[in-house]
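Chain lettering (A, B, C and D) follows the sequence in which the chains are written, and residue indices restart at 1 in each chain.
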């Protein structure tokens, strides 16, 4: 089976830099023959899906509502849940690794739920928002060893290494 | 976007006839350029995935556990949820239409949750189990107009017609 | 710990007879020092909560939306979920036994999800809707032994007996 | 209806100070005629339930498994979900306000999910773990106005003020 990588990150007020990072990560996910899972909406999610589709990758969007029109135009499989924000748990539960770019409280919930389920998490350096906050923090009580950092261009490689190591 | 069709049905003690029905339905889903969603495990689910893969279709398995090894070998995208039986709700929430073959209480929960969310449901004639029970029943209080019947060979066509009609 | 009994049943177009049944069952739940869990809204749910409150019982309403105003006025603890119909799974997952009165597809989903989780289910005789449909049916493939019947006045006693037997 | 306050916090390796804080908060919840909701297990959850029961309060435990034996001995209503860590979303979705004491990634997921749903969150000062991490951080991108701080002895009063203000 192909590895599944979740990309989580901000939807609104996302910088152009973060958007570019997400698009690059989406491309790398597809080029490495992995499946992209995300929340299916805008911002970092759309950019990652766009990148993956440029390289002919498969994109899964796990949506909060029951309306598939909520999905961005680069989602191949829109999965409507009707669970609201609780769907955040499913975005990460289905991934072998999680990559975070920018983001606010929604992204923070996805990172922390991924850590609850012992998924490896790669925070993309220099991407602002919650991601940057966690990177700067020296004391991350209880989860230092499951949080990893990488540049945007090396994030997918890092995620794949972690999956191989079983971390 | 491609239509998404869920196939629900029994996992254990499923007759060979029902397995053959499910495989045929899986084939037709792929041949009609639709995406197959199911619970990702054995019995009717495996047979439908097998059929879809024979025709190069995309198969999504929404799994109860957090272990992707639970998926049958014909699932392309195993989505692990950790929700147990509550994942039944998500199998149908993400579908444009639901086709039921055989099955027990799990299948009954999926059919009824699909009806709660106003999804069209096609019961495959002559397939025993819960599906047959509902078909035989003349009085289906409150949901007669959303439950439809078709032979296994016409079930996907029926589902597609219902999706087009917006039923 | 006190036993928890879920009452499931119709919300709309419920007969006066079923409402009276539900109120009596709610009273008996409180009189037997049990906790009532339900979906927290109208119809059978409101009547059961009303009965339980008449006898000073504790009523828990597990609501589909995030708005506690959705709860009926006899719910002591409104638990808002934001899960939509998927909350049906939680109404029964938290109960030691389930009593069904009348109802449509929502009730059918609750009965079947309870059976998936091996909870004993008591169908109230003579209460119409889905409950009556299941009672009339001679062949209930795979779950005959977990579905039980009782009159409204004996339903709580039956549920308590089943809990004690570990069925 | 009585206000519902969720207490979230660490389960393992929790300091005695945090345990004492949680017990005091549980007492105050009961003394202010509020209902306590929590994850139902050990550590901060048990201490909060213990405190609430000392003052005759009502305690609801929303459990990850389907086994009510998982609940601590001070839980009056154990609600089993079978959702695993996804139940974290429900602990906070049902609360009018959330108080955090100590904790790791599970607590972080509950705080962030509460913020996603616009619930006021009170972080208890001087309680270590994730709670302290968030308090120390000057830049909390996008959620500064919904996160509040209070000493353990004033946390419930702060939560009640926030509920009244509709924040």
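The definition used in the following text is that a residue touches a chain if its C-beta (ideal position, glycine included) is under 8 Å from a C-beta of that chain, and two chains touch if they have at least 3 such contacts.
Quick caveat: nothing in here was measured; it's all calculated off a predicted structure.
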item: Most distant chain from subunit C, judged by the mean position of its C-alpha atoms; value: A
item: Pair sharing more residue contacts (C-beta pairs) when B-D is set against A-B; value: A-B
item: Classification of the subunit B:subunit C interface as same or different, half of numbers criterion; value: same
item: Rounded Å distance, subunit A centre to subunit B centre (Cα mean); value: 29
item: Where subunit B and subunit D are represented by their mean Cα positions, the distance between them in whole Å; value: 40
item: Of all residues in subunit D, the ones touching two or more other chains; value: 66, 81-86, 90, 93, 117
item: Complex interface listing, subunit C residues touching subunit B; value: 13, 84-86, 88-90, 93, 104-106, 108-109, 112-113, 115-117, 128-130, 133, 137, 139-143
item: Interface residues, subunit A side, partner subunit B - complex; value: 1-2, 4, 35, 37, 58, 60, 62, 66, 68, 71, 75-83, 90, 93-94, 117
item: Residues of subunit C defined as touching subunit A within the complex; value: 66, 81-86
